[in-house]
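Before anything else, here is the set of structures, which you'll find just below.
In the two assemblies presented below, chain A is common to both, partnered first by chain B and then by chain C.
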Partner chain A sequence: MIVIDLFLMLLVAYAVGFLYYGLYRNITARFQRRFGPPVWQSFIDSVKFFFKEESTSHGWMFYLGPIIMMSGAIMTLFFIPFFSSGDSFSGLSAYGNLFLVLYLLVLGPLGNALGVGTAGNPFGVMGVTRGLTRLFAMELPFYIAVIAIMSLSGSADIATIASGQTTFNAFAYPLLFIGALFSFIGMMGQAPFDVVGAPVEVYSGPASEFSGKFLALLMSQSAIFTFAKLVLMVHLFLGGASGFLELLLKTFVLFILVISFGSLYGRFKTPQSVDFLLKVPTTIAVVGLILATWS
Partner chain B sequence: MDLTLFGLTDIVLSLKATSLANFFAMLISFSFVMVLFLAPKYVLTKSFYALLTLLTASLFLIVYSNDYLLFFIGWEVMSITTYFLLSFTLSKEALHKYIIFAMASALSLFIAILMLYSTNHSFLYADAHESFMLLTDVNSILFVVLMLFAIFIKLGTIGFHYWLVDAYEESQNLFTPFLSAVVSKMGVYALIIFVVNITQPAYVLAVMGVLTSIIATFKAIQEDNAKRLLAYSSIAQLGYIVTVLGVADGLGGALYHSLIHTAVKLLLFINVAGIIYVTGRSKFSELGGLIYRMPQSFVLLLIGIIALAGMPPLGGFASKFMIYTSLLDAKYLLILSAVMFSSASAFIYVYKLIYGIYLGHPSNKKLESVKEVPLSFLLPQYIVAIVLVVIGTFPALVVPYFNKILEELNLTAIPFTDTATLMTPYAQYNGFVVIGAFGATFVLVLLLFVSLRSKAKEAKDRFDIAYCGEEPNEGTHLHYGFGMGKELKRVGFISVILKNSSSYFYDFLAKQISALSQMTRKIYSGKLSLNFNIAIVFLIILLWWSLK
Partner chain C sequence: MEHNGFLQEQKTLEGDLNSDTSHKSSVDFLMNWFRKRSIFVLAYGTGCGAIEMPPTFTSRYDAERLGIRGAATPRQADVIIVSGYCSYKTLRRIIRTYEQMSNPKYLLALGSCTVNGGMYWDSYNTIKKLEDYLPVDMYVNGCMPRPESILEGFIALQKEIGEGKASSWQKYEENYEFYRKNQEAVLGEKVEPSYDADWYLYDGGL
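This part shows the complex of A and B:
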């Protein structure tokens, strides 16, 4: 029955991901004093793209890039349980742990980087380099916070961490949460740590070669991936969830928080963003770790 | 086996086949066979083979010796045969660097061993701890410093890596895989027996290891030469092993990572050797766009870099996971963050390696006519790749062997239930499920994607790309992605790391030594009369001192 469970997880993530994406476009539109597109517009676009003619391929590795990215997103989703207890919607999380999820988070983008490189478009590689350069700086505060949380709860199992919080980790260890939140803004592709490229047309910077059904696949994976990352963050810092209502509420609050940042700030250049991430959030997270684990 | 040396009853030489020795001997034999696959493609002199065999024999002597005297003999023979093997291709400067560092390593090791012998009159590993405890405080610190100095030079720990990168770059392409996969592992072996038998300078190892892995990773990102990049990567990977040996229960992770690193570096260096064999180039700026000319090499390198980066489906993740959980278990939290940071930074150089050689555009017309590398290059790579995939699928397959080693050394065993589940105190993961789920998802997505009505058309030629509304042609320079990582110099925090501080230090040292020699030359000018006078004065002082 695990297959049905996985399929339902995928369906929920797909629907909620696209819903959030539609809301994101609406909310940013309001920030900029315009009316955004209808909520389901992105979903309709992505379905439409799947059936578009005229998309250019650069050989088999180019083909595999978006597919690896999609598989990476789905794998990340499968190894993060939706609820902090119970077997339903827990996916494959019993076979994995938080370290595995941390690596799965970057599996997709790296696979896609191969596809981009194969296309031979120098602008694509520029985007990949920027993405990877920002990535390692972005991961550091997040790693510090996650490691502290793991050490404090004595487990690297996501459900155990989620259910073991009497007060939310975000309030018990505010500095860790703030440090991780900086990284999380970057991981969600929001300003000021986003990579150059319009959020839809040029996917996470590198994908200037991907059109038609390749783009549709990238949009779908982004929706799933967004939801998976939100669920992970909720489990780590906001006490997990015991039902769909709680999960949606918490992820939505977090989502609004993150995209508000994205709408309010301008973009850092990549070296600036690396410099900033290695200085401010890292220091905050290190202080948080020392305060939290000092005994 | 015990031997008494020249009738001296208190010097006992002893060989012993412990499980630890067997493990490293297995790595040596495996790498030796893999390297020999390449031999038909290189024109080598008889003496090269003789020296290679002698080197391998000395490595066996190192791992099977049960006392520090035999260990030292093996260490010395290894250093000297490596010198001769390198002398076939190395420039004079690189060769000098190597031999100076190798001799410094051997000398400090020898002094340390004699210090150990002076207290208890025994070279045996079994007595080493007792002898160490008998040393005075100052001497014991000196002993640890000398020992670590010797080992760190062989490992190329940062600050002591000055010889390593040049030696790796210029060495014979057949010999580089062996250097990185096994000869550097002798440093790991020496560190393990030091940690297990004598003492564990925990924080020193952890901090040195982390600094090594971070600095070497950023150095690797800057490199334009594939072999130099891999040399820095080798330094960084050994840094992880040094780090984890600073933890009480770290030996399991260290052994696992030694195994994976041996396999990965064999694969990657043989792959690069193949590229150099076919194209005659090793710089990313002179390569590029080889993916559809050499698809098999591309896939093999891909497997290698996935394992090197520690990505989940393959064996690299298992060893990284062991390292992480043992650091977490020991509450080395900041060290663990730094290790994971360096591991995430490694994605850049890993991508640079595959992009610079196989992706992007060919930087030269000649590259458009190259063929796949010969079978003697492909075969060892396939064998190693299969090993990596099998270990990735069944990450606990090797755990019983490690447990045997750990039991012999009276250390805590790694929990073991089935071959697919790698268990550690903090967490576990099932490699079979991970690779199976990934494979199934991948195939399903691929099938759905291919079965869609819309078909993607093939690009007309390699210039058929979205290029800002312009049309690139032969003259357009398109393979400039090889320069990635250069912009890191603009980040203040990282540019400090990238300054060549160690070469500045050694240049400074060389200048001071030459100044000192010139001062000596003023006194000891070579005139016979002056020498005679100095000798007389010296004799008088000696006489006066002995009569006092």
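This part shows the complex of A and C:
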């Protein structure tokens, strides 16, 4: 039975992830006062890349990069339950808690970094270096906020944290939420922290040497991973969800909030983004932590 | 109500795309449908026509509504645009870029210069017929073609892809000797550009 459950989770994440990506492109287009592509454009793009021939070869580690990234995304998804109560769509969350998920969040990018490194494409390596530099600063406010939430609710189990909120954590501890949100914008690859795949600077960064099926794999994992991260954020700060409608509504509101930031702001340089993340959100999160433990 | 004209235009453009019926099997049909609906363009500015591409891809003409968008690297691109006259030096780079792209790939040629040399017909350092050196899928004529014409060229290309007729990459593989001979005739034995530190000794300088 659990196999069917996992398969359905994957299917939902794939479909909703691509739907959100399509909406992202369409909404960004409306921000720029143009018509924009249809909602299923990202899905069409990824399927098209599955139909393309592979022409590059840089050894087996290069091919393993996207595969590790895909497995990282899928594992993260499986350890995050979709709903705050009940057994359906809970995946493997009974076997692992928030600590494991925090580890899994960086597994994919690190695996991909190895693959990109073997290709020797300078833009890919530059993208990876930027990503890892940013990661140090991005994790700090996020971890402070998440650990504070964990100790405040007295559990590391994601479903327990989600169901134990009488008022949403985002409103009960607004400073923690704001601190984590800054990191979350970076995790979603949105401006002003979109230094990794920065167009016109490092072209598409880590993805620049991948083509055909491996690029399609990268696009698919990004859709799945996006949904997994949104669900995690909803569980931690927005009270979780008891049904699909609530889940989709909450993740969509969070998603719109994040991509609005992306459409409105320009891009930081890598040192600037590290500087900003270490100063502003970290301070906000630490103050939030002190206030939360004080009362 | 004010958008009616625009939606009508979008409908006309897409109506042209959906009219093809000549496909071999349903798998072929599906593959070609996905290919024509998602086109990643390597916007490689090789000539003066490159100036017409930014308006085509940005808010004014918005090619993304037809599934056409820019690609960052040759590895990810489906279409390369040769945007105008082609000097020998540029031709080296175009050939290298074209060969880096993965199949299926298409080549769109902009402007009169790619057809017959155009105003550079008697120039000593430009090629006259692009067709002799690389296979061309679609020509967009004009000097220079406006973004509207480029969009129409793209739609014609999409239609050919949908029907499975755009197969220049196969033509290039089958007739490689012919193309290589022509390339060597103007570029010499070593067609690919060299990126060594001593480029100025072997590559004829900048």
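As a working rule, the second predicted complex is superposed on the first by the 283 of 295 C-alpha atoms of A that agree within 3 Å, B and C clash if a C-alpha of one lies under 4 Å from a C-alpha of the other, contacts with A are read in each partner's own complex, and residues count from 1 in each chain.
One rule holds in what follows: a residue touches a chain if its C-beta (ideal position, glycine included) is under 8 Å from a C-beta of that chain, and two chains touch if they have at least 3 such contacts.
Given the structure is predicted, the values throughout are model-derived calculations rather than measurements.
K.L.:
Check the residue A:Ser263 against both partner chains and state whether it touches chain B (first), chain C (second), both, or neither.
P.N.:
After superposing on A, A:Ser263 lies clear of both chain B and chain C.
K.L.:
With the two complexes superposed on chain A, say which partner A:Ser163 touches: chain B (first), chain C (second), both, or neither.
P.N.:
neither
K.L.:
Looking at the overlay, what does A:Gly120 touch: chain B (first), chain C (second), both, or neither?
P.N.:
The first partner, chain B, only.
K.L.:
Classify the contacts of A:Glu209 with the two partner chains as first (chain B alone), second (chain C alone), both, or neither.
P.N.:
A:Glu209 contacts both chain B and chain C.
K.L.:
With both complexes superposed on chain A, which partner does A:Gln32 reach: first (chain B), second (chain C), both or neither?
P.N.:
The second partner, chain C, only.
K.L.:
Between chain B and chain C, whom does A:Tyr95 touch in the aligned arrangement: first, second, both, or neither?
P.N.:
In the superposed model, A:Tyr95 contacts chain B only, not chain C.
K.L.:
According to the stated criteria, A:Gln41 is in contact with first (chain B), second (chain C), both, or neither; which is it?
P.N.:
second
K.L.:
Looking at A:Ser153, would you say it contacts chain B, chain C, both, or neither? Reply first, second, both or neither.
P.N.:
In the superposed model, A:Ser153 contacts neither chain B nor chain C.
K.L.:
Between chain C and chain B, which one touches more residues of chain A when both complexes sit on the common chain A?
P.N.:
Result: the larger residue contact count on chain A belongs to B.
K.L.:
Taking the stated contact definition, name every residue in chain A that is touched by chain B in one complex and by chain C in the other, in rising order.
P.N.:
51-56, 123, 208-209, 212
K.L.:
Note which residues of chain B are touching chain A in the complex, please.
P.N.:
Where chain B meets chain A, its residues are 289, 291-292, 298, 302, 309-312, 317, 321, 324-325, 328, 331, 333-334, 336-337, 340-341, 344-345, 347-348, 351, 354-355, 359-361, 426-430, 433-434, 437-438, 441-442, 445-446, 449, 452-459, 462, 464-468, 478-481, 484-485, 487-488, 490-494.
K.L.:
Going by the contact rule at the top, pick out the chain A residues touching chain C in the complex.
P.N.:
25, 29, 32-38, 41, 44-45, 47-48, 51-56, 123, 199, 203-204, 207-212, 215
K.L.:
Using the touch rule from the top, collect the residues of chain C that touch chain A in their complex.
P.N.:
6, 10, 31, 34-35, 37-38, 40, 58-59, 62, 64-65, 67, 69, 72-73, 75-76, 78, 100-104
K.L.:
Please name which positions on chain A make contact with chain B in the complex.
P.N.:
The touching residues are 50-59, 61, 63-64, 67-68, 70-71, 74-75, 78, 92, 95-100, 102-104, 106-107, 110, 113-114, 117-123, 125-126, 128-129, 132-133, 135-136, 139-140, 143-144, 147-148, 150-151, 154-157, 208-209, 212-214, 217, 270-271, 274-275, 278-279, 286, 289, 293.
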